Amino acid sequence: MATNKPYDNRAWLGVLPVLLIVAFSAVIPLMTVVNYSVQDILDFNSRFYVGLDWYRETLQDPRFIDAFGRQVLFSFSVLAIEIPLGILVARGLPKSGVWTSILLILLAVPLLIPWNVVGTIWQIYARSDIGLLGVGLNELGLAFNYTSNPTHAWLTLIAMDVWHWTSLVALLSFAGLTSVPPAYYQAAELDGASKWQVFRYVEMPRLGGVLVIAVLLRLMDSFMIYTEPFVLTGGGPGNATTFLSQYLATMAVGQFDLGPAAAFSVIYFLFILLFCWIFYNSVMSDDNEAQHHD
Amino acid sequence: MTSVSRWVLVFYCIYLLLPLYWLMTMALRSNSDITGKFEVIPSNPTLVNFAEIFSNPIWYQAFGNSLSYVILNTLISICVALPAAYVFSRYRFLGDRQLFFWLLTNRMAPPAVFLLPFFQLYSSIGLFDTPLAVALAHCLFTVPLSVWILEGFMSGVPSEVDEMAKIDGHSFPYFFFRVFIPINRGAIGVTLFFCFMFSWVELLLARTLTGSTTKPIVVVMTRTVSASGLDWGVLAAAGALTVVPGIIVVWFVRKHLVKGFALGRV
Amino acid sequence: MATIMLDELGFAYPGVLEPTLLPLSLEIKDGEAFALLGASGAGKTTLLNLLSGLLVPTTGRILFDGVDVSTQSGSQRNLAQVFQFPVLYESLCVADNLAFPLRARKATNGFSASDIQARVAKIAGELSIENLLKLKPKTLSLFEKQLVAIGRALMRPNVSVVLLDEPLTAVEPRTKWQLRQSLKRLQEELGVTMIYVTHDQTEALTFADRVAVMADGRILQTASPQQVYEHPAHEFVGFFIGSPGMNFVAIKSAGSEQMYAANGVDQSAQRIGFRPEWARLENVSAACTSPAVRWQGKVLHCQILGTQAGAPVGITTLASEAGELKVRGAINAIVGDEIEVVVDRFISFIDEEYCATHHAQSSTDYLANTADE
């Protein structure tokens, strides 16, 4: 934001509609959640205050801990694949021309497919009876079946998430790369820089900003993943692919355990905020150190 | 390294296209054909699945339901986000930064957290099972996003433009609607893209807040799987059709897309 | 360092009929400070890109020390370039930026870490940027950044040529001369071959040993700055260099044949040109017998540039029978005055090409001559 903007509190009038609509769709529900999280609700007429019991219970719930562990593992796995892969794809894109437009549109397509359809696409693609991937792998001699083998289910989920979201990283990185002036490449070439050095010293510094955004987005979105595993594996086999959102949805809508579900929600939300905050701060403090040299 | 990247791109595109290709071939085969034998290239392509969807009101009404809340959501988001983004980009005011970041934290909230309170809230005010309920629920994510994207673009428009209009004697509404908004056409296009992208693809809230009368397409698809069992052909055809609106939207904003991403504001 | 030979070098973009650069031959000597001067679109950037290996010539060859490098990549040619705006590795500190070209070629040039350190210290010392060595580029001013970029270009002791592409564009005017000074001094001290591309005649004329003036994809003249100024080989050179540039008068349109013939102008010459300071203003004298090239005109405006011995000097613009003329010197007329322009020295051109330089004969010589006849 520019620094020389005039100070005017009438500007609040401009943000008022946003404030009202977000208050309606965020503040009221969040207050409800917090309110439930400290009560035991047998039915809506008999409820009593239980303090932080539900929080304690949730944090000690082995199923919550398992789901949380799976969630962390999943998020870090997909980040570890999608971020480097997205950068490579972006570097491979031609800088201009007809192919650039075609490839950009192709890359954007997975982002615009309804999430459950993504699940459906991968379901019919990976099934061992009718899917191209499933049948193909079995033809190769691998006994692939993601509906019964937890490892296969995991791999399929990760492959699906990579298919679904690497484009986002690639589009962001491509935007970052197009901001590198051609003279930088020319200078590095004349300096005799290797391809790796060009990437490391010319492209990476320019990608910094967009990569922070990419990691943040992928971190929080992968942490909230619900629909795709719901369609593809239904959380199974067993609970092998049950992540936090699924567990929460089962608790809240399936079993109507309002108190525990609310406590779970608050913890869940705080965890995402915490993750993003830690990541954002670690990146920004690096930046500050760099500026501190003078 | 460049050649490595080029190869990665080629393989990634194949990786991207294969499931889509499979979806298309499935959509072009009858269910008995699909379960009967495995074929990489369909030998008896047929349009029966598409015919089924276009003749069965459950399917095409579901499409209509989905589009109605998506359009409603996009309109609401743009309308409230435009003035907010404008004042964020042009003025400082009490609590502006705090407000901006608070808005962004909403983007980080898992939809699952809001399931129950939304359900109760909209039931109690009689909005349950209306497109408006879903549209408003999606606003939780699309409004902060829209403000963020639009603010980024508008900050790039020099404030001299505002002053010029003032000097030329134009009223503020004239300036805002006839000068400023046309300048930010691209920004609005990108914002539409992302609102659409979120609202069209979301399932969890859409499923929870709709009943029998406004079932969106995403929900009809999941229910078909569980209820009528496994008509893979129709499922694939419906899936293929849900990809179409996305391609249309991305086609319209293709020129602005990279710039939108370049701002790092998604 | 190397002698650079351009042999019938030409370039045309594929599918474009008109070549961007017409075939040209040129030799740039080892250790020479050479400038390519021309307006935008003259082809100097194309020539620069051919030299740096960004473009491959469509005709002719480029030779570095007799070796044909036409199809070699920029890094193979072992050259360095300074760009219009400072190009630095943003994540590296100044010292690492300077060391980069040596470290990148460590495998082939055999520099040890201590050699590199010594070279960084030397170049930093030459540019007086020792105090910046530990800083990151983003904390530097544009001027300092460009200094570092120049330093990086000079790091390799064996660099064949340093190309400078309008290196002062981004630097603020206040520090321009300072940077130009540093460049010139370094060029002389290190004896590096430098090719300086610019549209700014002051930069070119003060920097270079020799200047090539370009227009429309051709080199019109290659000569020392003084030569280019005093003896332009082409009308465009005379017009482009100097501020204001040369005055041109078509022989047919103004003045009698006798007047030109008396000054030894070749009959086939079409135009004469003279620099504003090669003429002076005189009051109109009714009975004029002087043989000098002279026209009457009316003063349009005067631009005072300073004073000399208390009297204003500057540029007087006149509308005369020979067209609009500019004269530099003492301003002794006011707007509207009828006055006479007397040209002491001029150049005649045939087909825009230089023909001869003429010095006006004094009246006494002329009278003596006619008396003899």
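All chains are identified by letter, namely A, B and C, in their written order; residue positions are counted from 1 within each chain.
By definition in this document, a residue touches a chain if its C-beta (ideal position, glycine included) is under 8 Å from a C-beta of that chain, and two chains touch if they have at least 3 such contacts.
Since the structure is predicted, the reported quantities are computational estimates derived from the model, not experimental observations.
K.L.:
Chains as vertices, touching pairs as edges: which of line, ring, star, complete or other describes this one?
P.N.:
line
K.L.:
Applying the contact rule given earlier, which two chains have the most C-beta pairs between them?
P.N.:
Comparing chain pairs, contacts are most numerous for A-B.
K.L.:
Can you work out the whole-Å distance between the CA centroids of chain A and chain B?
P.N.:
Going by mean C-alpha positions, chain A sits 16 Å from chain B.
K.L.:
Using CA atom averages as chain centres, what separation in Å is found between chain A and chain C?
P.N.:
58
K.L.:
Multi-chain contacts in chain C: which residues touch at least two other chains?
P.N.:
Within chain C, no residue touches at least two other chains.
K.L.:
Using the touch definition up top, name the residues of chain A that touch chain C in the complex.
P.N.:
Residues 181, 183-184, 186-187, 189-194, 197, 201-202, 204-206, 290-291, 293-294.
K.L.:
Quick check: in the complex, which residue numbers of chain A touch chain B?
P.N.:
Residue positions touching the partner: 1-2, 5-15, 17-19, 21-22, 24-26, 28-30, 32-33, 36, 85, 88-89, 91-93, 101, 103-117, 120-122, 124-125, 129-133, 135, 163, 166-168, 170-172, 174-176, 178-179, 195-196, 198-199, 209-210, 212-213, 217, 220, 223-224, 226-227, 230-231, 244-245, 248-249, 252-253, 258, 261-262, 265-266, 268-269, 272-273, 276.
K.L.:
Which of the residues in chain C come into contact with chain A in the complex?
P.N.:
Touch residues, chain C against chain A: 52-54, 73-75, 79-81, 83-85, 87, 89-93, 100-101, 104-105, 134-136, 138-139, 152.
K.L.:
Which of the residues in chain B end up touching chain A in this complex?
P.N.:
So the residues of chain B touching chain A come out as 1-2, 4-10, 12-13, 15-23, 26, 34-35, 38, 40, 76, 79-81, 83-84, 86-94, 96, 99, 103, 105-121, 136-137, 139-140, 143-144, 147, 151, 155, 159, 196-197, 200-204, 208, 217-218, 221-222, 225, 232, 235-236, 239, 242-243, 245-247, 249-251, 254, 257-266.
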